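Handing you this structure, nothing more for now.
As written, the chain order gives the labels A, B, C and D, with residue 1 at the start of each chain.
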């Protein structure tokens, strides 16, 4: 499939940058470095939002962002160049085809925020562009076969999960309705409508239980108690489905690794 | 069993409206439309309770309700008419027999709230009639074999579930009693009787933990701590039973689908 | 083993009162009535603590208690009389031996509170004697083989459970110590000692999260966050052990019932 | 391997002190006493931090600490002496080699706090040295093969656990970012940066739900609700992995014990 001699720069780049093309087990050193840079970038993006830090270290944050931008931009160009190793991405048209592929768009989107942050005018936009930097984290998905295995296992049980979510939705709306019925007169702010009561309902059924909103009437407390106990069932259903899906995914992965081990022996 | 030629309007209606009579896999297009209308109706009923929305969009809500009423009423008539395809529901007497069947009553009950809401006089009644509209959601149960599979699996383990609920009840009453014993003097409002202490007890044992009511004495905190740890066991019991029941139901369903697949091949 | 003719009153009483002596499956009608009376008594004991109810219905509560006392006292005498059916409990000495057997003592203890409540002088003692009435609930344990099956399954895994509790204890003390270290200066009331910090620690690790006590320093929040995440592991361990124990117990019971069914066919 | 006659004092000491050298099942009486002293010491260290207790019983705490110090110091010397039973720890050089082994260092570290507490000058240092006493608890790890079995099972699944933690981290950062985006203007103190919003995020995703910080805007509550529901999945993943790891460890241990039983018969 490759059109350049296997030891050309483009061929080496392709092997180092494309996870599927790496001949050894695990990640290539280049991609390990890229992953670490992504994690550093995410941490920097998180800390950069804290006013007490930005006041004192704004210069450092800018330098980190600049360095990361240069690194990721270089990486992006290298990926576009190395894509030529695959037949479908050869030539100018092929490169364009590569640029509109899923991961290439994610890569490009993760580059934009740096430029946009500079031009942001109001506080909300600035916050929004800063958050876009966290999109970089999504790029990690490209390197992990394990994430794909988990996603596949979850997808296989999407029917059961949707049913669980449906049942959860019914329970949420049902308990919110009951509390709306009996508490609306006493606490119009918190239970004056079903959408408002849903806030309490979610906090209770997921057993988070903030306690910012609680029923005050005896009947309200009675229904709330039943809701809290029903919440155990609500959690048991998706927990069972997801735990089984994860265990399947890890089991399958282990068997594949064992087989590989046996082939090598 | 059918008495009309297979391509009569009644026969086609029957195939489209009765899930069991639909020859292909999944739901008929007609029932998919009905399900979507039910979901729209439920969402409208939920949003219609929010004062900030009803003030501005009361006209829109009324139109939605009216359209849905016409649709569901037509559907109801069509179902009564199509029921004649089945021998036991033939003739006037048969139709009457259909009208008092479980799902037909649910269908009719789901139609009533629209008429009742118009005539409601006080706030509580209005809220109550509005909630009756959510009864529509129950109609979705007719279309789903999966819900029936889950219900069957839960029913099979009703004995274990009842035992879990019994143990949970004992733990609830026991911990409420202890807290009543040691906290009643300090917080008569919250722990002045076992029924009052049960509110704290449920919040703690289900790990919801609102925090609106907490023990203040050292002994109260000691018993509360033991209760919170015991709550883990309380949750483990029904979680284990339910998760096993759900996994059984989904497993059985999968095997049935696989068998069907094999038969078709 | 029985010394009276099988249809004597003592023999019939023995068959009806002793769960092991009942020849048919399930509970005898007499024991079903006793169980219902126990549940009514428990409910009455719970409601009797609520001041708003005792003020208005104190007469009714007294009548219920009196009737139950007479019933349970009669039942106690009948049990002592019927015990003579078993060789080891024959004669006056045998009856005395029965009276000091485990369940007979529980039965007697459950009778005492009625007499004690009358003579109680201060509020705490009155509360305490009232709670003793809930001891009746323990009597239900005599009738249920399922409870014994669950207890046996839990006992079988007591080693794993003790290990889980040990790990939980270490985690509790460890996180309480860390929070004591960093929060004691800011919140001496809540984190001024490890026993005080344990209250927060239990609420967090069991995910109850009352929120009456939370760290305020950045370092305190950091350790609290790690504690909350570690709490997931704390819950996973006993949940896994208990869920497996319950599933074992129910499985074994089902197999026994199936065998019985096969023997009858 | 032993160089002294099997009934010399050193040999007996070695058998009693080294868990692996004890010929019978379970722990040696000496180590049981040591374990109990460790637990007493931990409890004393915990209670010693409570001001209301130290004021009244400071003398008792000092005596307990002194006695424990003497006991543990004697035990330490005995261990160093008995280590000579093993070839690698023979002679002066061997003993030095023993003193820098993992458990010997832990033993020594657990002795230090008593001396340090006497010399502590400020409140924080005193608290810190007191906590070091809890290091004694770590010494219990030496005696338990079960803890090692659990740790081994967890280590075997470290890959799955890291993946779970990674997914949890993404979810935490993601939900904190969303809440930061929509709530920062209204609650700068609680949601003014992603690190600040992480405090809320952890409390919600672990379902602890303190309620000290909650979103107030409609959009914030909407995202918070989705976060709370996603939290169920977050918990399901490591719970499934850990529960499977624990069940594996206990199963393997049981099989080993059964084999031992069979060999003895």
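One rule holds for everything that comes next: a contact is a pair of C-beta atoms (placed from the backbone, for glycine too) under 8 Å apart; a residue touches a chain by one contact, two chains touch by 3 or more.
Just so we're clear, the structure is a prediction, and the values are computed from it rather than from any experiment.
**Student:** Please identify the chain with the largest separation between its CA centroid and the CA centroid of chain D.
**Tutor:** Relative to chain D, the chain with the farthest C-alpha centre is B.
**Student:** In terms of contact pairs by residue number, which of B-D, A-D or A-C shares over half with C-D?
**Tutor:** A-D
**Student:** For the copies chain B and chain C, give the interface type as same if over half of its residue numbers appear on both sides, and as different if under half do.
**Tutor:** Mostly different residues form this interface, as fewer than half of the numbers used are common to both chains.
**Student:** Measuring centre to centre with CA averages, how many angstrom lie between chain A and chain B?
**Tutor:** 32
**Student:** Nearest whole angstrom, what separates the Cα centre of chain A from the Cα centre of chain C?
**Tutor:** Computed from C-alpha means, the inter-chain centre distance equals 45 Å.
**Student:** Which residues does chain C have that touch at least 2 chains other than itself?
**Tutor:** 198, 203, 207-211, 235, 239, 243-244
**Student:** Can you tell me which positions in chain B touch chain A when the two form their complex?
**Tutor:** On the chain B side, the touching residues are 42, 45-47, 49-51, 123-124, 127-128, 131, 134, 137, 144, 146-147, 150, 168, 198-199, 202-203, 206-212, 235, 238-239, 242-244, 246-247, 250.
**Student:** Name, in rising order, each residue of chain B that touches chain D in their complex.
**Tutor:** Residues of chain B touching chain D: 207-211.
**Student:** In the complex formed with chain C, which residues of chain B make contact?
**Tutor:** Spelled out, the residues of chain B in touch with chain C are 157, 159-160, 163, 167, 170, 173-174, 177, 180-181, 184-185, 192-196, 203-204, 207-211, 214, 221, 224-225, 228-229, 231-233, 235-237, 239-241, 243-244.
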